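First, the structure itself, so that you have it in front of you.
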Amino acid sequence: MRPDKRLNNQLRPVKITPHFLDYPLGSVLIEFGNTKVLCSVSVEEGLPKWIKEEHGWVTAEYSMLPAAGPDRMQREVSRGKIGGRTHEIQRLIGRAFRSVIDLNLIGPRTIWVDCDVLQADGGTRTASITGGFTALLIAVHKLMDKGVLTQNPVKQNLAAVSVGIVDGEVLLDLNYEEDSSAEVDMNVVMTGSGELVEVQGTAEGKPFSKDTCIALIDYAHAGIKELLKLQNEIVGK
Amino acid sequence: MRPDKRLNNQLRPVKITPHFLDYPLGSVLIEFGNTKVLCSVSVEEGLPKWIKEEHGWVTAEYSMLPAAGPDRMQREVSRGKIGGRTHEIQRLIGRAFRSVIDLNLIGPRTIWVDCDVLQADGGTRTASITGGFTALLIAVHKLMDKGVLTQNPVKQNLAAVSVGIVDGEVLLDLNYEEDSSAEVDMNVVMTGSGELVEVQGTAEGKPFSKDTCIALIDYAHAGIKELLKLQNEIVGK
Amino acid sequence: MRPDKRLNNQLRPVKITPHFLDYPLGSVLIEFGNTKVLCSVSVEEGLPKWIKEEHGWVTAEYSMLPAAGPDRMQREVSRGKIGGRTHEIQRLIGRAFRSVIDLNLIGPRTIWVDCDVLQADGGTRTASITGGFTALLIAVHKLMDKGVLTQNPVKQNLAAVSVGIVDGEVLLDLNYEEDSSAEVDMNVVMTGSGELVEVQGTAEGKPFSKDTCIALIDYAHAGIKELLKLQNEIVGK
Amino acid sequence: MRPDKRLNNQLRPVKITPHFLDYPLGSVLIEFGNTKVLCSVSVEEGLPKWIKEEHGWVTAEYSMLPAAGPDRMQREVSRGKIGGRTHEIQRLIGRAFRSVIDLNLIGPRTIWVDCDVLQADGGTRTASITGGFTALLIAVHKLMDKGVLTQNPVKQNLAAVSVGIVDGEVLLDLNYEEDSSAEVDMNVVMTGSGELVEVQGTAEGKPFSKDTCIALIDYAHAGIKELLKLQNEIVGK
Amino acid sequence: MRPDKRLNNQLRPVKITPHFLDYPLGSVLIEFGNTKVLCSVSVEEGLPKWIKEEHGWVTAEYSMLPAAGPDRMQREVSRGKIGGRTHEIQRLIGRAFRSVIDLNLIGPRTIWVDCDVLQADGGTRTASITGGFTALLIAVHKLMDKGVLTQNPVKQNLAAVSVGIVDGEVLLDLNYEEDSSAEVDMNVVMTGSGELVEVQGTAEGKPFSKDTCIALIDYAHAGIKELLKLQNEIVGK
Amino acid sequence: MRPDKRLNNQLRPVKITPHFLDYPLGSVLIEFGNTKVLCSVSVEEGLPKWIKEEHGWVTAEYSMLPAAGPDRMQREVSRGKIGGRTHEIQRLIGRAFRSVIDLNLIGPRTIWVDCDVLQADGGTRTASITGGFTALLIAVHKLMDKGVLTQNPVKQNLAAVSVGIVDGEVLLDLNYEEDSSAEVDMNVVMTGSGELVEVQGTAEGKPFSKDTCIALIDYAHAGIKELLKLQNEIVGK
């Protein structure tokens, strides 16, 4: 039995509050249990300098508030640089979004997805992807309503969840306590059609077999289906 | 008449939601109209290296989320350094708190007050002071309940508000639109006994007389009284 | 009686040496007692990127030499960033200058006012404003003589001084020793017509009343009048 | 047929030159076709400050020489910070090594594995893991010979390889040209016992099915077996 | 007798391996005994912003791998900035190259010479100059063959060597051990016609006479002649 | 004839004003014609971390004020790092001082020599050495008077001057105009006994012969003799 009485294949209560902020084009507060991430989508005319092609760009930034976890964390700006963990996470988020967006349909624009973790109890990167993508859908609808975009650049919907092995058992949606003692930790990003966009499995304490790898992906698949359903309800499709 | 129909000496609707986060010792979401600041108080054993004396320390950090305003702002960490405006504001906030806290009663500890602006519609620095001090009171009560502090280090309560001159009229609690066209902009920090802790008045477009200065302080005084009353209700005194 | 036998409302000996350097357009060594600040004004064609309008720009930079005070201070460049105190001060100085300069009359140019503290004995920021503005007047006259500027962009003259409360008494122009034990510290920037451009009063140890605030402004007013007179003599108006 | 005539399940010619440098404890030049990575292992007494426990630490740093690829790349130090890609890669490498090293047997020491890419033609991160681990084995043997370590901290051997989908076909060990047009890109790290330590699969252009995921892992498994055999020959086990 | 049995005026075995890397226009691995420097030359269209004239630019970057010496050195990027020693060295290298290159014949291009020290046993800066210039000659020949350059911009050939005083004796080409105990250390850069391009002599422990200075230059002259001969053989002139 | 009518072997008017600042232990304003450098010496208990031995340390920092030259220069702190030229110069200055100071007699202290260029008209680095050493002598005398030092750590006096070749002629003490068109530029640091501590000769436009090198050193020797004489008068030996 898991500490919070969940079944092994059960998500924590997930809540998505759309339009949490007034200014960004799309914005969502997503909660997986105690994990709370504020996701905002902004559009900027123009592209990063290093892009030479005609297509648009989608990028993500991830950050944790200093008081998001049990111990206060120093702000990254105080050390003058983005840490390795943050870099790794925001690259994952941005890559996931770009895999289902047709950049050619965006035009010479940059779409920023900001994922700011207000409270962290495990699974912040997958909550960021699920919440950020919901905010992105809201923003894209607005851009189409305004006529800024004439064709929908979203090729497929997207959500993500974490899975892991704790005490030899496959668990869905680990909280911080479970994550800390996990033998294997995996993040899975999947599309609405049930295909994989990103699989990142890491042996934290014990190498794992191919069969375990498959079981983890199956658990994630089931969880992501539920998240996509919720996302659709919010976006009102 | 002000754009939002307020009287010149009227605050925007102010709302303080205590215990917004689970982990920090004290935390508050404060709203002045559309301005929303998340204030969290954490305690760290130990002191900054440059403090040679025995007393404790109280310090504040201020930051805006990229999507807090009408246009997305670049994160300061991406430029690798804290900007001048942020420095100026967080120094003001920390100084204000230290003026009413007896650092000797804190012991060799650092109290961090993090003020993260989720949405910015003017008055974020004074909202940070008012909200941050509320969170600080909550935290101090908890530390006293736990016996970490044996004596209350808070000498007086504290709140802050902005005032200004727009089109020749004195206004209380300017929103962003008013602030942008203000001839004079003033931030006032006051104690529960009605004394000044900080007065920062700036001619944005037009120098002002001593009489105007006095009128501004009077308007602020009235507004701060209301804020202190609300603060007391929240903290349950 | 003050340590250096001054009356409470007496300035330290103030000396302004114009044309201290050969290259900048305007330059002044200003001394308030032992405080010595070298102020230089340079003009650069072009504007900071973030200015979208047509008007010009005036900005200030402030720095202390490592050996300016009793203990050697590390250079800010060695830590790789401008400190919070420096940011706060140079923002104050630049803002003050811009409040009395008609930026539209400058054209697409940036006027830099560099204030480098050679020796620090209290009041360096107000000495920087008073000296820097003197250098600015010299530079503006030269630009008009050369025909670079066709109209005088200076709307009013400007000077600044510090005041404070020490042992319950209002004092004008605090030196370092007085500043260190001040209960209240205030910097006042005023125009030639006796109007306020900036008032920054801070309770260092003890909150202060509105009446004290007014008394401080009055003392500052008297001191600034003397400074403006000296400034006029130097500039030869 | 692949551009270099390899079969889909064929590695490029792999060459490991041990003892390439004189000073570090272990050092290897590893080549996968045109990809050349210089891996060096150094031991430092002491631990990073953030480690509170008694155990040792193993960490990796990854860098590319400016002229490693077809176009000169700016050095990261010139921009003053480590880029996101580098962070992501060196975190992967370090994590992989720690998964098979018993940190308790290392004592209060830090083992540094430096992976410097002299020439980059695809697969530099997996070459770094395979080469770096070989250098690590050499270094561990030396530390045991010297009596610095009394027990072998290596729990299992380790190697890594990249796999991907190009034009719908599963390929082993992609070179740069193949990598650039891959629909899916996966890096697999495996132990001597054939278990997974890290799986990172990314849809570059097209989401992929679970079956494809399994096929990729199988191809990687076969390639890693060959690499482990070569590694054993070099280390002389 | 020197530790490695060399005569006082004898170079260590010098080996230049051309075409060490596939991608850069010119590349050389140069070895002076145990000192190994990888030198690569790349050409970039365009010029640094601060160059206002029409002519081209030649610049050098120097770096040491962390495991190049007996103790692992921290990477400069980890500290976020290029150190003073590195700056001093790469300025020397770039200046030396520019002294014998006609920048007007290069066109609006930047030639980068990267000198990466794989192993350091003294004399890395002079090895970088000698090896880097060899790579530069190779690159220039290629640019002329391709017709990118129509006239040879190389006015004279160039090589460099270190000399010093150890125990009162003049020595050519000091290794690390000798360099550490040298009383005087001098780096000399000379052209094919035997003229000086750079002389940098430093008293490490004991000031030296003008006569010593002359003797050092004479020793260097003899050594550089040999290096230029080797360079010519490699470049195939 | 030189632009300022000097003979080829004539120094500009040199003026050393001792005790220019009140706080540092030793301080000097040195002027070579229009070049003005403020040199200050401070003593700090303790040593840089990287010094493992018992002896003390002497180090120098060099900086130019933004308005020191004809065009305003950006402050290095604004770019966040010390530039290569500054690094090169301050390493030269510190090294020169350490060559004539017995570090063992200083004890576990760091002596800082700050050289801040107020105005730059050529020869700032050699003016910094000559002026900085004068300030150092003043400081050492004070430390001996106070009994902090019991033995004089100064082994020999020290001064420096620049020489160069302009239009084929050897010139002493180049001003900025001469320096800009020099074919060869050399900085020479010499002791009171006429021995060399540092020789840095650079072909700016044209390689030079050994004979020219000797002639340059001879000119420098004569100039330095005069400087040492003036230094002695100031220090009152």
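Order as written gives the chain letters A, B, C, D, E and F; numbering starts at 1 within each chain.
The working rule: a residue touches a chain if its C-beta (ideal position, glycine included) is under 8 Å from a C-beta of that chain, and two chains touch if they have at least 3 such contacts.
Remember, it's a predicted structure, so these values are computed and weren't measured experimentally.
*Asks:* Counting one step per pair of touching chains, how few steps separate subunit D from subunit F?
*Replies:* 2
*Asks:* Using C-alpha centroids, which chain lies at the maximum separation from subunit F?
*Replies:* The chain lying farthest from subunit F is A.
*Asks:* List the interface residue numbers of subunit B and of subunit C, divide the shared ones by all numbers used, and answer same when the ratio is over half, different when under half.
*Replies:* Same; most numbers are used by both subunit B and subunit C.
*Asks:* Averaging over Cα atoms per chain, report the distance between subunit B and subunit F in Å.
*Replies:* It comes to 50 Å between the two C-alpha centres.
*Asks:* Averaged over CA atoms, how far is the centre of subunit A from the centre of subunit B? Could you give it in whole Å?
*Replies:* The mean C-alpha positions of subunit A and subunit B differ by 33 Å.
*Asks:* If a residue has to touch 2 or more other chains to count, which residues of subunit A qualify?
*Replies:* As it turns out, subunit A has residues touching two or more other chains at 80-82.
*Asks:* Make each chain a node and each touching pair an edge, then name the shape: line, ring, star, complete, other.
*Replies:* Looks like a ring, each chain touching just two neighbours.
*Asks:* Mind sorting the chains in ring order for me, with subunit C at the start and subunit F directly after?
*Replies:* Order around the closed ring, subunit C first, subunit F second: C, F, E, D, A, B.
*Asks:* Quick one: in the complex, what on subunit C touches subunit B?
*Replies:* Touch list, subunit C to subunit B: 81-85, 87-88, 90-91, 95, 99-100, 156, 190-191, 193, 195-205, 207-210, 212-214, 217-218, 221.
*Asks:* Please name which positions on subunit B make contact with subunit A in the complex.
*Replies:* 21-24, 27, 34, 38, 40-42, 44, 61, 63, 65-72, 75-78, 80-82, 112, 114, 116, 118-119
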